[in-house]
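The chains carry the letters A, B, C and D, assigned in the order they are written, with residues numbered from 1 in each.
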Amino acid sequence: MTSPSSPTAAETYLFDGPSSRRGRAMNKLFMSLRDEQARATFLADETAYCARFALSPEQTRAVLDRDWQAMLDLGGSIFYIYKLALMDGLSMQYLGGVFTGMTEADFKAAMLAGGRTDV
Amino acid sequence: MSEVIWGLGTSHVPSIGAAMDRGMTAEPVWAPLFEGYRPAREWLADHTPDVAVLIYNDHANGVDLDIVPTFGIGTADRYTVADEGFGKRPVPDVLGHPELSFHLLQQLVDEGFDLTVFGELDVDHGFTVPLSVWTPDPGDAWPCPVIPIMVNVIRYPQPTAARCYALGQALGRALASFPEDITVGVLGTGGMSHQLAGTRAGFINPTFDHMFLDAIQHDPQKLAAMTREDYIREAGSEGIELIMWLVMRGAMNAEITKVHSAYHVPASNTAAGLALFDNRAPVAAG
Amino acid sequence: MSEVIWGLGTSHVPSIGAAMDRGMTAEPVWAPLFEGYRPAREWLADHTPDVAVLIYNDHANGVDLDIVPTFGIGTADRYTVADEGFGKRPVPDVLGHPELSFHLLQQLVDEGFDLTVFGELDVDHGFTVPLSVWTPDPGDAWPCPVIPIMVNVIRYPQPTAARCYALGQALGRALASFPEDITVGVLGTGGMSHQLAGTRAGFINPTFDHMFLDAIQHDPQKLAAMTREDYIREAGSEGIELIMWLVMRGAMNAEITKVHSAYHVPASNTAAGLALFDNRAPVAAG
Amino acid sequence: MTSPSSPTAAETYLFDGPSSRRGRAMNKLFMSLRDEQARATFLADETAYCARFALSPEQTRAVLDRDWQAMLDLGGSIFYIYKLALMDGLSMQYLGGVFTGMTEADFKAAMLAGGRTDV
């Protein structure tokens, strides 16, 4: 429905209007995690917290399982998803490994070698 | 009139700030990056302006996700450093310059730029890391007041590169018409090539980045003519942040002099670039 | 492509909504106003579009005072009626049309309009009163989905009249390029002359208002050329809301046909005006 | 400091950047009164409520005394000030009377006669 010039593909995941609409509840949950008290509440009962933010069953499952790829597919923005990863003590390199099918160590090594110049 | 004396383009990678905040700048993975900054920092320390304008983007910290301004401007006295979820960076809050903000707002709206006005704004790493690149040890305060200009780069459709360049040109005119004689530094932030999500995560395009570092000085029109799809393809989905350098460039003169530039991979998942320009034309040799 | 079938300019005075909500429309002070609306309402009831675009301003109800967008667009499924401090108006929430919103957003940003995107938005009397002027008895739902376009008119500097007209022209092009064949009604709201504060409170300028009602059809360029100071002087500090009619007019054809217009003083502290236009050129007589 | 084209005068009170900055705390207080609970809290102890919103002494006095003219002078926007008036059961015509030195009845009569066309 949006203009044909809007590229979306598994290799890129543009965060556009339709994805922001799809992922809104989940991204709102992620954004709330900036607050320390909210993080404690979330960790005390993650399912209840997801219900409070009205996540869909698929989104709830993705969050509970830390299925980072599914979060992207369900409308998560990487900048919001990252707040959940931060809370878990995970790095952007770890996420990069997940998205590209590498270990964190391999992803880091690829970056130290000058980045993935061939994709 | 106020006078733009320099323009600084720089990446704003959060881990650059973290490396500084944790005293890791001399470690082997970080030392080359900070060595590359040194000549720029020394020159900047000798050229402190009366006020700076910093073009940046928020990363879901200062503005609620239900509101996405294409362009915004801050008019506050003070901008608080945001807590992004791991405590505030241990750097000073930012003092603003409301009089200049209101002047720029009026001039830019009169020229048909549809700014969103922020009377209050928390600023995240997109704002504070470039300040740290400029001034590694601010002590209690940054060198001068800073006015934020915010650009949406994280949600598609971003403003076009051409629109960013036009905003910069209008910013230059608006600064020139300010009634007080003050000096101004302009910072364009974000980039260089990088992508955080998807199977192309970790993408780095040094060929494009070097072209950009050269063209931002000599041929900004070429960069302004690129579509957002061009940027995303060539620089990655987050590399499109580079359009913010065009706002800085637009506010400067047609001919400018390069003071220093640096390029380093990696800073975290990102290529980090820096380019510092004196707003005076090069002195002819001999 | 979608086709604009009509444009409606109307005041959005809160007391017009209150008079309807309290069943006071037949009382002597109100009857002339609502009598004036009747022919327009009858025509509109026979010309329900598939979707409407409503240009309005928020009055410190839907958007926090620290954020003032010059132009905004809503992309929500549903817009909740705001509680302005005396309970919600007893009217339905507004259904949106996200697909068309996203299309308009992309087209307008590509044309250099720096919209702020609202993923969620409560709408106040500036939005619901025009809907009530159009449809006095909506029952459970308004006649069609409605997309809000928000304009800053309450905080100086407002966008220029010329910029509003240009936005309307771009809106017309953006609607025409929508891939589905749907019909569209466009509402421009606010005005007519009025001023709420200061020693000039109660100011009404019927000469200006009648000129405006004529020129919005035949000579919108003339209205677009007026400065914001012209509007404030001629129509009062809140009469500047009339710039929102220019967005509506810009989205219509060069030649349009007047279906009905009405003008009445007072509705509360305001002159109330209405002008309904068929987007087809007048049929030549004989 | 703003451009010379920004008109401000007692007859008009443009709500511009500098006035919004001056009136920010007070306007924030007014905006909060949209909420019924907030209105009850305000009415229970107006001075404390003004202190909570960090109003200046002049702004606090203007609010406590319902000095509508002073609220304008101290950076209030009419759309925000009106929320306080609404809570007090006062109309925009009443405020119009205050600003123009008329009784509410006289102001209403002037509007019914076609408005103040001569100012």
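Rule of thumb we're sticking to: a contact is a pair of C-beta atoms (placed from the backbone, for glycine too) under 8 Å apart; a residue touches a chain by one contact, two chains touch by 3 or more.
Composition by chain, UniProt nomenclature: A, D = Protocatechuate 3,4-dioxygenase; B, C = Class III extradiol dioxygenase subunit beta.
Predicted model only: the values in this text are computed from it and were never measured.
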{"item": "Pair of chains joined by more contacts [C-beta pairs], B-D or C-D", "value": "C-D"}
{"item": "Inter-centroid spacing, chain C versus chain B (mean Cα positions, whole Å)", "value": "38"}
{"item": "Averaged-CA centre spacing for the pair chain B and chain A, given as whole angstrom", "value": "26"}
{"item": "Euclidean distance of C-alpha centroids - chain B vs chain D, Å", "value": "40"}
{"item": "Set of chain D residues in contact with two or more other chains", "value": "5-6, 16-17, 20, 24"}
{"item": "Multi-partner residues of chain C (each touching 2 or more other chains)", "value": "65-66, 105-106, 117, 119, 155, 157"}
{"item": "Topology of the chain contact graph, where touching chains are joined (line, ring, star, complete, other)", "value": "other"}
{"item": "Chains grouped in pairs wherever the two touch, ordered by label", "value": "A-B, A-C, B-C, B-D, C-D"}
{"item": "Residues of chain C that touch chain D when the two form their complex", "value": "29, 59-61, 64-66, 83-86, 154-157, 193, 195-206, 227, 229, 232, 237, 265-266, 268-269, 271"}
{"item": "Residues on chain C engaged by chain B in the complex (per definition of touch)", "value": "63, 65-71, 105-106, 109-110, 112-121, 155, 157-160, 162-163, 166"}
{"item": "Chain D - residues contacting chain B, complex", "value": "1-3, 5-6, 16-18, 20-21, 24"}
{"item": "Touching residues on chain A, where the partner in the complex is chain B", "value": "5-7, 9-17, 20, 24, 27-28, 30-31, 33-35, 39, 72, 77-83, 86-87, 92-93, 95-96, 99-101, 107, 110-112, 114-117, 119"}
{"item": "Parts of chain B lying in touch with chain D, wherever the complex brings them together", "value": "75, 77, 98-99, 101-103, 105-107, 117, 119, 179"}
